[in-house]
Structures are given as C-alpha cells and as structure tokens.
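Quick heads-up: structures coming right below.
Okay, so chain A shows up in both of these, paired with chain B first and chain C after.
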Partner chain A sequence: MALDGSLERLRREGHIVVVGASLAGLRAAETLREEGFTGTLTLIGDEPYEPYDRPPLSKQVLLGRVPVDHTALPRRLAIDARWRLGVAATGLDMAAKRVALADGTSVEYDRLLIATGVRSRPWPNELEAGLDGVFTLRTRDDAARLVHRLRAGPRRVLVIGAGFTGSEIASVCRERELPVTVAERGPAPLVGALGGVIGEVAAELQHEHGVDLRCGVMVTGLEGDGAGRLRRAHFSDGDALEAEVAVVALGATRNTEWLAGSGLAAGPRGIACDAGCRAFDIRGIVADDVFVAGDVARSPHPLFGYQFLSLEHWGNAVAQAEVAAHNMISPGERRRPHLWTPYFWSAQFGVNIKSVGVPNMADQVIVSQGSLGEHRFTAAYGYQGRVIAAVTFDQAKWLEFYQRQIEQAAPFPPPFTAVDRRPEGMRPVPAGFPDPSVPTHGPEVTVSGHSPTDQRVTFTPA
Partner chain B sequence: MTSVSLLGQILDHANRADPYPLYAELRRTPVVRDEFGPYLVSTYWEIHSLLHDPRVSSDVRHLAPEARTTVSTDDPDLPPSFIRLDPPDHDRLRRLIMRTYGPPHTPRRVYDLRGEISSIVSDLIDRFQGRDRIDLVEDFSYPFPVTVICRLLGVPHEDEQRFHGWADTVATAIEPPVGTPEERQAHREAVREARHQLAAYLSGLIDQRRRAPRDDMISGLATDRGADESPMSLPEMLSNLTLLLIAGHETTVNIISNGMLTLLRHLDALERLRADPDLIFPLVEELLRFEPPVQLLPERTTLDDIEIAGTTIPKGASLWLVPASGNRDPQRFPEPDRFRPDRPDNQHFGFGSGIHNCIGAPLARLEAQAALTELVRRLDNPRLVEDPPPYRRNAVLRGPRHLAIAYDGLKR
Partner chain C sequence: MRVVVDLNRCQGYAQCAFLAPDVFAMHGEEALLYDARPDDTRRVDVLRAVAACPVRAIAVEGAGGKRAADRVGVPDGA
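Up next is the complex of A and B:
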C-alpha cells in the first residue's frame, strides 16, 4: 500500500473528531478502528448517554416491552475513544481546524466527521409547547417521559402529524388500549412518504384499529388549564378535542445551527456533501478534511439523477458512516462512493412496512403483488417509465427483487407476470403525492435538487 | 453444453458420496439447460436472486406435464401443501401454521421443547450402553426427529410407535422409484396406505383436540378461527401437517448423520467442539453449508422469461436450483471446500431463502445442536468404520443409509 507520508501519519497518530455520538458517529468510529486507524479518536455528543438506538423508542420502548436504558447500540469492537458526552459543539473554525464546545473548551482535529442528525420539530407556539402533556419523540429522555405518561392511562392522546413516527405512536396507543386521535393536514397518513394510494391503506389500518383519524385538518391551538396542563386542542375545522397528552410528530429539523458562519454548505436541509461524504463549502467546493454522515447529510445519488437526497433512515446512517470513515483515512484512488439504495422500515398496527428507493419521486404506482384490500401487497413506484421505488406491507421478502429492479432502472410498469399479481395490479395509477412545497409532516426522504448550496426551505407548521 | 447430462450424473447413485466435483463443473456455466430438459442454476448469487424472484413459481401445476421430472410427494386426495403453492395461498397457510408455531402469537413453542429434546437425545444415547459399535442412522438419527415432531404436534406417547411406522413409510415417497414395475407399484400402494392411515389418525386427533384443547400445535390449528382470514379446513390441516412431518424428517436425519460423518472426518473440529461446546452454534451453520441435507430444489417454474447470467430462461421452463453448489461457490465463500466450524459471514442456503425458507429452521437447529453436542461428549474415541458410508438413493435429500461408528465406551 503506497500511502503518502501524511496520510500514513494521520492513520498512525492523527486526531479524528466525530461530532454527534449516535448511530452514524459510533459506526464511523468503529469503522475507523476496523480499518486500522490508531490515532486519537474523540466523540462529542450533546446527549449525556452513550450511543443508543432510536427506532425502538417509538415501538418496543413506548409499548413498555423494552426499558429505555436497554437501547444501547451493540458495539462491534472496542473503539478506545475519548468521549465528550453531555457537551454540544457550538462552532467550527475550518481554517484553524477547531471545534468549539459549549463548555468553553475546544478540540482540534486533523479530520472531522459531522453526524449531528436531526431533532424533532417542536410545536411552533412556544407557550403551548411548554404545556405539561405536550411531547415530541426523538431522544431517550423524550421516550422515558412519554412512556411514563402513557402508563398513567391518559383519557385521550392526540398525535399531531401522521408520518411514520406519528403513526407508530398512534399504533402503540391503541395496543395500550388508549383512545387516540390523529390529526394530519394531508389527505391520509404517510402520504408524504408513500403517496395517496398507499396512504389510503394506512388510513384503513388506523380506522380498523380504532384510531380517531382526522385528515385534512390542522391543529390550530393547544389549550392548558390553570395549572399549565394540556386540556384541549383546537382544529382548523372549528372542532375542539379534550386530550391530556399531545405528541407533536411534525418531522425533523437538521442540527446545523452550530455551523452557522463556518463556511460549510449547511442549512435547514442539512449539510451537502459529495458521494464520498466530503462536505461542500458555500462556494460549492468540497472540503478535504470535513466529512458528513447520517440524517444530517444531503448527498447526490446516481440512481436518482444525482439529485441531493436527505434520508432519515437507520440503514443510511450506518452505510454512509462506514463510507465516510473509510474515505477519511484512504487515499483518493481508494475512496468509495456512498451508493446505498434508500431503505426503510416501520412497524405499525401489526403490519411490517418496508420501503426501498425513493417513493416520493414517483409519478405512478402499481400494486404488483398482493392486494391493497387485504393490506398485504407490494407496490412498485415509477418515474418516467422506470421503477424507482417499492413498498411492501407484510411482504418484505420480495423487496430485494425490487431493489434490483430499481438499481437496473427496469421499466415501469413492470411488464412481467409474477406470483400473486391480481387484476387490480394490471394498471398503474397516479401515486398521489402532495405538492412538495406544501409539506405534510416532513417526509423521511427529501429530494432537493442539484445544488449543493441550496438553502431554500419552506415549511408551514401543521 | 456437456455431452453427458450433468443432471443425469448428479442423480446417478454412483456419485452420491461426493457430488461436489460435479457441482464445481456445473458452476462453470451458472445457468445451463440440461439435456434432460430443466435449467440448472448452480452459482450463489444466481440462486439467491431466483429464490427471491416473483416470476418463479413453486406450483408444479404451472409446469407442462411433459416437463415434469419428479413424482409428486403430495397426496392426490388432498389439496397441495404450502411448499408447493405460490402466494397468496402459500402465504395464508404459512401464516396460519405460524400462528400456532412461532412468534408473535406463539413465541415459546420451539423454545419450550428444549428440555424434551435433550431428554430424547439422552435416552437414545443411553441405549448404546454395552455396545462398541452403532449404526448412527438406525440407532439415533432416524428415531430422533419423529419423536420430536410428535411432541411438537401433540401426538400422545402411546401412539408414537404407530406414528413412527406411518411417518417412515410416507417419507420414502420422496425417494426416486427403484426396482421392478411390480415393486414400484407395491411401494406406491404402501405409501398410499400409510398416508390414508396417517390422515385418518390425524383427523381423529384433530377432532379430540378441538373438543379438549391442550398446549400443542394440533390443538392450536384445530381451534384457530383465523385472524382476518378463513382458518384451515380439515383437508388443509391434513395436507400441511403431513408436510411438517415429511419436511422435518429426512432432513433432520441427514443433518445429524452428515454432521457426525463430517466431524469424524475432521477430528480437529471434533476436539475443538469437545473443549468448547459453544462452537456448536457456528458449527451447525457450517454443516448446513458444507453438507446440506437439501441438495437441490427441483421443479420451480418460470412464469415469464427471466434474463439471468447472460441467459434467458423462457417462460414455462422447469428450474432446478442447486443450493448445495451455491454453498460451495468461491465467489461467495472463501475456501468453500474447507470445513471451517467457526466460519464468519455464513449465509448458506441450507434452509433455502425467500418466501419458502424453512419454517422448521429454529427447531432443526436446536435438534442438531443438542444431538451433535451430546454424541460428541458421550462417545469415547468414536471412529468411522467405513468411509464413505453407503448412501440413500435420494439425490435431493442426500445422506448416508447407514453410518457405522465404533467407540471405546460411553460417558455419562
């Protein structure tokens, strides 16, 4: 291996700093060690906990099946790191290669990985957001508080926003036999991520499980009692609802504020990076020593016309972290592109939902196997005559096949005969995605054009 | 491609003891049409992709009669079992079985059999007392899985002997037919008779359990009213309970026989296992890769043209996948012909893959782990008497007919 001297030195005794000590941060740190990095490794995280797993928070943890402190991420190997937990990074000086911390100290780096993820978008009215009984769900602490409150048996839970997280929370409430109302501004649950056709199935699931689902309405206000406890919610259709608990599930905001003024192409849509995970600066030039991975990243994807994609997907965080770590300590010719095909799962109302590709880029959808009515099916999504995504409800074993169809740019609608192809699966229909400029609850995949420095984002709350 | 049909050679009993060189030859053309008619697929990634391809059907009724090569093991008087069906029928029946067999509805079914399995193993080994040589197949591998299946289904102890008799006969239906036409006819009659008796017996048991359910699978099936779909009819139950019996029988026999044979050929691995019983977990996986009981998955059908590895398999073709060859594919497994009991990243095809993947895998793993660990622990200085041992005729479910093992004594 012909490494030049400086890279060799970096691998042996350099200092790599990772900001964001969660899924992407930990997997990157492990990959660095696996690939022979023996220098100093510092992990900075503003949460006080060692890295833990978030998907269970809205599932097993909320159900009370798994205690919140049993969610630590399994370790692949010892990483021998300096941990700076409970302290946020507050600034970045790229020229001095230095990260400033909230406790007034700073850390210098040779290479930096930014994996600060996203946070829940809060209820926009701060006073109302502060009412006792109003929650969001992103962290361990959020989950601990919410599960405690659900255990107490509130008379009604209101979930604001029917994306994946909101729908999973509603599902848990029903499993706990709690009355729950879901308010979604779009025409159906999951509509931003999966479109109207599949959203309709999600709505049926909610109805069948006894959710009071209200689509096409917005929550306009939350009202407290004299003691500052949530009492009532008001809707845009004039209705009001008594509720003791409200969970705000309106999607996420990228944790990029700490990079303001740093010169990086960081904004509300995330931090733009190239396919090799190197961050772009605001001039559109890639930095050599600053890398990005996980939910906070936006990166161009060759399967989707090299548009920048932001993915809030567990699998993406792992795959991108591994590529970023590899590239941080590899010479140019051995760097790898992050070509991961987007993949996501969710568990709600007894159904295992999986998605591959980018459904919300699609113009058409076809039920290629199974049946919407039975709530067990595979739907293929098409864009300009090729397959770009697939979603399964309780049919996950077919997903790999469709992933290959996506990767091979196979024609849409799928021309082939397959097992379990029903009459309803013979003709594609419009996929029914809402106008992207009117976000529903913040879809988990955002396609945001070709410009690395695009900072525009519009969001109107609930 | 080749002048002598490779499939013919694979099916030839003379090659049963070591089919692996034939598979290696086969892999030189990942997808090939054999002179016998079917398309053979022998490389890992191609098999993997076809096992996950919705254009591939397991329903032989999609195959033109002249393209059929095997005798069906299904009872013509009963509906097909789900291993031979496609979605949605396959999925419905498999779901209904799972409701009484595994998570999320019945997560403890297999786990709770642990104690029983280990006492069945001990009892069988105790019977070796006072001897210095056994036929592992007759004395252990054969009686073991049927006893376990009886406990799983809920067949009462006093009926077990009768059940064993039918199970053994029904399982021979899988063997390719041999002998004179009269002998074949007699064999078919015997299988039919055993099936009918088994079906009559199971009907009686289902009826009993419906009235007085216990904690077993038959009670579960008999009393299940389905969640959002129709529960199994009686003929469906009979067909699919018989499937569990057949699919879980010869396969488990062979993993144990193949397992001991392999360990006695690799004494270093046997010693390591003695010293470190936890090695059994990866070791059983490696066995499923290295000497898989299910060598071939014959008679899948293409519902459409499928382009793969530079070949187009036409619609309506008969497809034979060769998982035992995929398991030895150097493109997937480094040093594929080496038995490495602690092999990492071992995603073998021992239990198939895709929607038909083995429903019995958790149970079969437990059985193989328990049996091999105890055999290795208790047999003092075990040795092969004959290598290679005589093999069964069956090329699909491959394993020794007898496996003579000599030993110096039996530990407690």
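Up next is the complex of A and C:
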C-alpha cells in the first residue's frame, strides 16, 4: 500500500518527540524504530535517570535485595535518540508544534507522544510533609531515601493508605521485622481495587503478619519535634502514635499541569484520548499529531461499556505505547485500537496477587476455585450478568482462562462446575466496593456558619 | 546485563529460579523477585532461564542478546 507523501516523509526524516522517559516512553521509542521510523527521535524526561522499572522499588529494592540502580530497563534495540533527561516539559504550543522545557529551551515536533505518567500524591499539609521521616514512594530517589531509613531500624513505621503500594511497603517492613502501623480510611486494605470481600482477606494477611492495621481512620496530623523530625501521628479517632517514619501512600496525581492552556483535554483525571491513542482537545476533537500513552492516558474500552479507563498498570503502559507508536507513523486504515485487557500484579505478605479485567466495575463476586480462608483462591467478578474481572491469590495460572471469559462476555456466575469450589464459594455475593461518589481518601472540607461573615471552612487533615 | 520480567505473564513456574537462583528467587509460593541488572558473568545462566520460561516472560537487553549501543544522557546536538 502506498503511503501518501507527507507520511512517507515523516517516517523518513520527521521529528518525533516523546515527553516522558519511563516505561511507556521507552517502549514507544523502540516500537517507532522497529516499525521503520528513521527520522529524529527526542526523549524528554524530568528525572535524571535513563528509563527504569518502578514495580521493584516497593518490593526487592525496599527489601534491600537489589540496589536501586539495578532497575534500568533493558533495551529491545538501540533507539538512536536524543535524550533530554533531568529537564521537565513545561508547556505545549499545539499550533507551533513546540514543547517548552524547564531550562528555557524548546523542541519542535512533527508528532508528539505524551507519556508523562503520574506522581505520588503528597501529604496535603506542606509543613508536615517536609518533616524529616515523612516519605512517598514513586521514584528511584524516593526508594533510595526510604530504604536508607528503613535500614537504620526505625522504632515504628506508619504507612498512610492501604492500597497496593502502602500494603507492599507494610509487607516489606514486617519482613525487615520493623513494627508497622497501617492507617486506612476505607473498611479494609485494597478495598477500592478489589472490593470488600477480597479486602477482608488482605486485612487477615496484614494481621497474621503482625501489622497494626487500623481501618476506618484518617491520619489528621503529623507532629515533629524541635529539630523537625517526625515524632508522632494523630488519628481521626483521637488516638496518637509514636512513629519515626511515615510513608504517605495515598495514590497518584497525573502529570498534566504542564499542559494547562495548551488546548488539550488534560486535567487531574489524565489526558483523554481515543482508542487509537490520539489526544482529545478541549473541543472533543482528536488531534492528528498528538498521542498519549501510559498512566497519564484515559481511553475508552469497548469491553467495559466504552468507559474512559485510566489504568496505572505496567502492562497498559507497554501495550498502549506500542499502539500509539504504531499509529503515529501509520496511515488511517492501518491504525490499531488499544484493546488491552487490564492486568496487574502485587506481591505482599508472601502472596502473589494478580488481577485481570476491571474488578471495581463489578457488582458481585464468586470464589470459583480455592478458599478465601487459605488465602489461595480465584475470585470471578460479575457485572450485570457477565464476567468482568478475576483476581487470584497464588493461583495465577487461572487468569488466562478468565481473560478469555471476559473477552467473550461470558455469563456470570460462571456456569461451569469448578474443579475445587468450596461451600463458601457456591454463591455470588456483593463484591463490596465503596460508593465511587464518596472519596476513599483525601481531605474532608466542611463549611460552618450561616451568614457570609461567620462562614468558616474546616479542612481535615488541618 | 539488563533483565525485565513481565510479571503479568509470569505464572510462577520457577524455572528461572532453578537455573539462576542468585538472579531470580521465588518469594512465597508464586511471587518472583529478581535482580534486573545481574553481573555479565551470569549471562549464560540468565539466557538459559529466558529460554526455559514456559510463558516467555523474561526479556533481556537486545532481542538477539546483543547489547544496545545506545548512548544515554546525551542532550540535543551533543
């Protein structure tokens, strides 16, 4: 098939700029070269490091088994790129096709890929966040600082938030025999991702491994000593806890601020794009030369009611980057949709947790193999009578089967007789996801007083 | 050398942990922890682990086992 002249020229001598030099940015760059792009390729990254892998940071790196600089990603091929590392992108001019950088320079592009990802949500009180001993965990530098502190043997670690990252950090602390308290605003760990039924199992794992798990509470304040070191944390139930280290694990914020005023539909929920990874502008029209991939993207998925999904998953970053790169240098009829079925994993308290599909869309869950009590099981999730997700605890081999079930919109509860279904798993039960309209974390704001002059706004944590 | 394991694919067969135990280790029944930058002297065993993985979850630098010649950290025009 003949390419039109301009696309041919783009493939041969165009300039493609990738903003974001992590997993998605690197895999996109490699795919561009694999598919015959011979023009100029520029990778821009705000961190000073070449692309590295983040999942090990909260596992083998924090455990001290692998040094933090052993996480650089392997290259599938030489990408012959110009690297601008340690320089954040600060602005986008879509009309001039130009990206502004923090050092005052700018880079022009013919096609742009935005893969700026997310950053960890900081502790909302800046003074408290600045106390010595308060950490977040997202980057190599975060991991290096935290592992150094854990090695020193703090008397107690407080983990704020029991999502996957917080739970993995608590698991590492227990393996290092450090006393650890986990504070979670929801009713159980992992409840937002896996629901209340499986969240109960996650809570049992934490209890059995000696975690002081406190659910249904918020940390309302972090208190320092005279030297600015963290000393104590205060909880919404009135309790206080002595801790030398606090790790804030309250999820992530999308890196889209640099796109303010650009005309792209970018905001706190990410950058909306079509299934072909083309970014939407604020009018709802897709741009032809701006593409999005990875954690920062939000794209519609046919299997899940065409909902725009933001997937902060390793596998999504790889798959979406490959589709975006292909589409950037392909004519319309050869472009592909990003139809990846969501997958993720977590290792904590000696258990391998894996998921396929979108569990938190489910209304019901059924234990189809194994047993919750043994912490070894497969749970299938249903939404309006079809299988929509599955989660395994130490039963990863079943997931591929459920991937097919999801892709074929198989009926829920599954009609087959599972090999070892136990009495507790015979019937589907409500999956127990919190109401999505009620935030599971973040500050609470209340307004009191009646007349405009008396009105007071109270922000908790203060 | 550099290694990355696609842990979405990994199903805990533990063949890698058997062939290169200082690089790949099981953590519990099914979870895998690994060193993503093993020493070059471990290359032969790591490549054996790559070949032995039943779900082909392990990738090493350069598709054919070649080192990428790419330079990193070079700004525009350098």
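What we mean here is this: the second predicted complex is superposed on the first by the 440 of 462 C-alpha atoms of A that agree within 3 Å, B and C clash if a C-alpha of one lies under 4 Å from a C-alpha of the other, contacts with A are read in each partner's own complex, and residues count from 1 in each chain.
Heads up, the rule we're going with is that a contact is a pair of C-beta atoms (placed from the backbone, for glycine too) under 8 Å apart; a residue touches a chain by one contact, two chains touch by 3 or more.
Every value quoted in this text rests on a predicted model; they were computed, and no experiment measured them.
Visitor: Applying the document's definition of touch, where does A:427 land relative to chain B and chain C: first, second, both, or neither?
Guide: It touches nothing on chain B or chain C.
Visitor: Let me test your reading of the model: by the given contact rule, A:229 touches which partner, first (chain B), second (chain C), both or neither?
Guide: A:229 contacts neither chain B nor chain C.
Visitor: After lining up the shared chain so the two structures overlap, which partner does A:345 touch, if you call chain B first and chain C second: first, second, both or neither?
Guide: So A:345 only meets chain C here.
Visitor: Just checking: does A:397 make contact with chain B only, chain C only, both, or neither of them? Give me first, second, both or neither.
Guide: both
Visitor: Using the superposition on chain A described above, determine whether A:151 touches chain B (first), chain C (second), both, or neither.
Guide: It touches nothing on chain B or chain C.
Visitor: Return first, second, both or neither, reflecting whether A:416 touches chain B, chain C, both chains, or no partner chain.
Guide: Touch partner of A:416: chain B, not chain C.
Visitor: Now for A:369: first (chain B), second (chain C), both, or neither, which partner does it touch?
Guide: first
Visitor: Who wins on chain A residues touched, chain B or chain C?
Guide: On the superposition, C touches more of the residues of chain A.
Visitor: A:77 contacts which: chain B (first), chain C (second), both, neither?
Guide: second
Visitor: Per the definitions at the top, what is the overlap between the chain A residues touching chain B and those touching chain C?
Guide: Touching chain B in the first complex and chain C in the second, residues 376, 395, 397 of chain A appear in both lists.
Visitor: What does chain B use to touch chain A in their complex?
Guide: Within the complex, chain B touches chain A at residues 49, 52-57, 86-88, 91, 303-304, 315, 354-355.
Visitor: Which residues of chain A touch chain B once you look at their complex with the stated criterion?
Guide: Going through chain A, the ones touching chain B are 368-371, 374, 376, 378, 395, 397-398, 400-401, 404, 416-420.
Visitor: In the complex formed with chain C, which residues of chain A make contact?
Guide: Spelled out, the residues of chain A in touch with chain C are 42, 50, 53, 55-56, 59-60, 63, 65-66, 69-85, 105, 107, 314-315, 318, 343-345, 347, 350-352, 354, 376, 394-397.
Visitor: Where on chain C does chain A make contact in their complex?
Guide: Touch list, chain C to chain A: 1-4, 6-8, 10-12, 25, 27-37, 59-63, 68-77.
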